[in-house]
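Read from first to last, the chains carry the letters A, B and C; within each, the first residue is number 1.
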Amino acid sequence: MEALSPTMEEGRVVKWHKGDGDAVKTGDTLAEVETDKAVMDLIARADGVLRQVSVAEGQTVPVGKVVAVILGPGETSAAAPASVPSPRPAVAAATGSGERGAVLNVGSGERGAVPSVATPADATRVKASPLARRMAKDAGVDLKLVTGTGPGGRVTKRDLEGRAVATQPAVQREVPLPAPRSPVVGGGGAAYDDVPLTQIRKTIAKRLVTSLGPIPHFFLTTEVDMERAAEARDALNQQRGDQGKISYNDVIIKATALALVKHRACNAWFQDDHIRYWNEVHIGIAVAVEDGLITPVIRNADRKSLVEIGREARELAEKARSRRLQPTEYTGSTFSVSNLGMFEIDQFTAVINPPEAGILAIGSVTQKPVVVGGQLAPGRRMRITMSCDHRVIDGATGAAFLKTLKQMLENPLAMLL
Amino acid sequence: MATLTYRDALNQALREEMQRDPDVFLIGEEVGVYQGAYKVSRGLLEEFGPTRVVDTPIAELGYAGIGVGAAMAGLRPVVEFMTWNFAVLALDQIVNSAAKMLYESGGQIPVPIVFRGPNGAALQLAAQHSQAWESWLAHIPGLKVVAPATPADAKGLLKSAIRDNNPVIVLEGEMLYNLKGDVPEGEHVVPLGRADVKRPGRDVTIVCHSKTVSVALKAAEQLAEHEGVSAEVLDLRSLRPLDEAAILESVARTNRAVVVEEGWPHCGIGAQVVDVIQRDAFDQLDAPVLRVTQADVPMPYNKQLERLAKPSVERVVAAARRTLYLD
Amino acid sequence: MATATAQPANKTASSDVERRMLRQMLLIRHFEEKAAEAYALGKIGGFCHLYIGQEAVAVGSLAALRDDDYVISSYREHGQALVRGVSPNAVMAELFGKATGCSKGKGGSMHLFDAEKRFMGGHGIVGGHIPLAAGIGFAIRYRGGDQVCLCYFGEAAVNIGAFHEALNMASVYKLPVIFCCENNRYGMGTAFERVAAVTDVVEHACSYDMAAELVDGMDALAVYNATRRAVERARKRGHPTLLEVRTYRYMGHSMSDPLHGVYRTKEEVEEQRKRDPISQLAMKLKEEGTLDQPGLDALDAEIRAEVEEAVRFADASPDPDPAELTTHVLAD
């Protein structure tokens, strides 16, 4: 029984057009099925002989249940599964001839390609010791992102502690990705490309859905006069010569960390029945990688120098892009900063990284006309938008933090206060 | 505190208890005139006389039964088996009479008896003289089973066993009798049912009893010296009842365990310990619990083969390392 | 049911004792018949070994004991328990597995105990309790007492190692034990002659340098007198005795076994019935003028009523509390 509508959960066979023993060709109508929306055709996906018709006219069966089998030439009836366990709807399975890339492109809507044979459940199960599971849960770490160094890729305590006790190279756990295939729509050219979600995409999707939906976001925007910050930065970089440049982002990270020290209420995690106010400041910096986004963490950013921050940020970003980040390097942030300034985005709103309570979206530093002493003048301005979890941070609280941050950026010496 | 051999510690315990309570008597082969097959009862015949130190014919079933009957009538016998291998003949009296009497009489007839003797392998005694009988005995409700590993524990546990109103099995060892150790003088009583941390540690718990305690201690030393691993050695001392709380408390701290025993692997004491750990310390475990046991074969005579069969320091170290993912 | 204390020196017991013996035998007989009925009705489970035909052995021998002597028996011990003074109520309730049973419902037919009456069980392993008897004798001697221990077992137990080991040590240590072998000829379904190289059990005694006596087990008085002699030997000199008491059971080995046909003939059973110990004693009493038929009928009726009451009591008694499952495994 196929999902013949996007919302269909079960279908009622109204009329069989083919019977047991009939020869069928791809595209033939096997039966008329009443869905939650309309009466649709159930189409043959292969050539052969229809057998093992197990559902009668008038009967209602859930989507996914095998209702009949098409046997290829020379095949005898094999034991077909009672229902196909893939999360996507099943088709009248063609047995014996291996996998058929089956596509459901029936009537309404388009669907992605799925393998007709269910991927084994084990491919996605994570092996971890009971202790490691508990540690991961407590730290909010997704085990799927942890490289396990135990036998068979088992995640163990040391994998979560980052202790280098292993004397054998860490085993990279293979995450099987189903090969993307182009669909077949009854012959003809491809109208679209379906790319199955990579693990990182899946994770991003999963996490975002647990962020924007459930977390009550509100947003605060402020425009910062970056004149003095720019001058200070340029002067520093002049001084340092080729020892390595300090970027705006390094300064922003440092200022953010220091401002959080003064505004602990924003440096917090929402936990189901309590709020964890962190005494340490670990800033997550959003880094774009090939097919997504990841947030490596600069630990104790309030205590690190600009040079250290800069160096770490670069190293982490590099590791992120080459997929070499360790779990301890991308977990445990208390607050995040996302900077799209390099893409000339003036302003945007970022999605909070749960369980954190806030995130800053940094826009580009641009020259724009400003009013100074009643006169129009060019000034370098930057817009910061703070997203706050209203369960943890109220308007005034967030605003106070932003004000402090703005003060620090507009007058860098204020960071030393 | 005095330094005594395990043998003399037992002797002291017997003597003190026989002095303390006129109902306590010793019965077994060679316990009297011969001064004890392993000299555990040296001097007792001279001190207490032939009514209280009774030499028997070679008739384990018979004299074990006499012990049980005497206990039913209110005495407190200590029945010595020359080795536990011979006590198999007496199992009917231990298991069907002693262990079940209180229950099947509806609580009317307790059996305050001690069955004691050397257990497990010695050196090249071959198959019939080398078996470890813990599992067979610890299996039976109605019995208590202890296995002291040190002279102090030998004295303390034997005294407790004699004072206990139940049938208590005391598993000693030919290889332990010469072991020297500190023994508190006078009223030194070790409660039944309590394990003992012989060496505290942080990284892995090595659960052991009887002769494997010294193996575990040596393994712990090696692990500390060569690997920087701090192993905790937990001496069970009591096999029934098992000190589950001590086992769980230790594993909760170390997150990993190796269980060592002299017996065979199939249905051995270690299997019971592993069950306790996996059932009640599941979330604390960072690795599966591993066991080191005698090889699953009758004990061979040849010296090298025997050494291969017995649990060794090397095997315990290897198991500990595996639980730490060090191999 | 009190046992006799001091025995007169002459060979024949007083008519009081004889009447008491008859009463006790009738009690055993009717009790066992009722037990058989209850078993068939499913009120008694497991094994049930009946003493019917062997009454004279228990009655005669226990009449020679004091209250402070010890008694220990095998799994065919309902008769000994009743004669020793365990009430029919307590025995029937135990057979029914009730909390009011003499072993609190946790022993059953094969494990009747009464510590206060020094009835030390009720044991299920053939011959397993014989060393226990020696141990009890050991304790008596250890304490310097003059009690005796009377131990019952069947002739088949004579072949098991425990018998040999216990008797040897009883003789070596000089233990005041009376080893009373109830030779009913059949070990379950096996005639003794088929499995015993020496079929006169008394012959074994010489292996242990032990006194022995062969007794007609269908004659309660003969049993009584032989036991008295053995008791005296044990009490006065601390020496054991082996009694071979020849008796017969009219029922199968247990309720699960056939009466006859497989291993013995119906005719043999019927022939033995003519020697019924109860009839024999009843006849003797009538001849002596101690008891007449109406007296006998009244006695019989009284006993039946007592047994009926025991069944009623057992029926009405509660099962043990489920909490009793885990009590009495270990003593405090």
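The rule is short, and it goes like this: a contact is a pair of C-beta atoms (placed from the backbone, for glycine too) under 8 Å apart; a residue touches a chain by one contact, two chains touch by 3 or more.
Here the structure is a predicted model, which means the values were calculated and not measured.
Student: For subunit B and subunit C, which third chains touch each of them?
Tutor: none
Student: Could you name the chain whose Cα mean is nearest to the mean of all protein Cα atoms here?
Tutor: Of all chains shown, the one whose C-alpha centroid lies nearest the global centroid is B.
Student: Which chain maximises the distance between its CA centroid and that of subunit C?
Tutor: The most distant chain relative to subunit C turns out to be A.
Student: Centroid from C-alpha atoms only, then distance subunit B to subunit C, rounded to Å. What do you get?
Tutor: Measuring from centre to centre gives 41 Å for this pair.
Student: Hey, how far is the Cα centre of subunit A from the one of subunit C, in Å?
Tutor: 85
Student: What's the distance between the Cα centroids of subunit A and subunit B, rounded to whole Å?
Tutor: It comes to 58 Å between the two C-alpha centres.
Student: Residue numbers of subunit C touching subunit B in their complex, please.
Tutor: 70, 72, 101-107, 111, 113-115, 120-125, 128-142, 161-162, 164-166, 168-169, 172-173, 327-332
Student: In the complex, go through subunit B and note every residue touching subunit C.
Tutor: 25, 51-52, 54, 56-57, 59, 61-75, 77, 92-93, 96-97, 101-110, 112, 141-142, 144, 165-166
Student: Taking the complex as given, what residues does subunit A use to touch subunit B?
Tutor: 129-134, 149-151, 156-158, 165-167
Student: What part of subunit B is in contact with subunit A in the complex they form?
Tutor: 255, 282-287, 324-326
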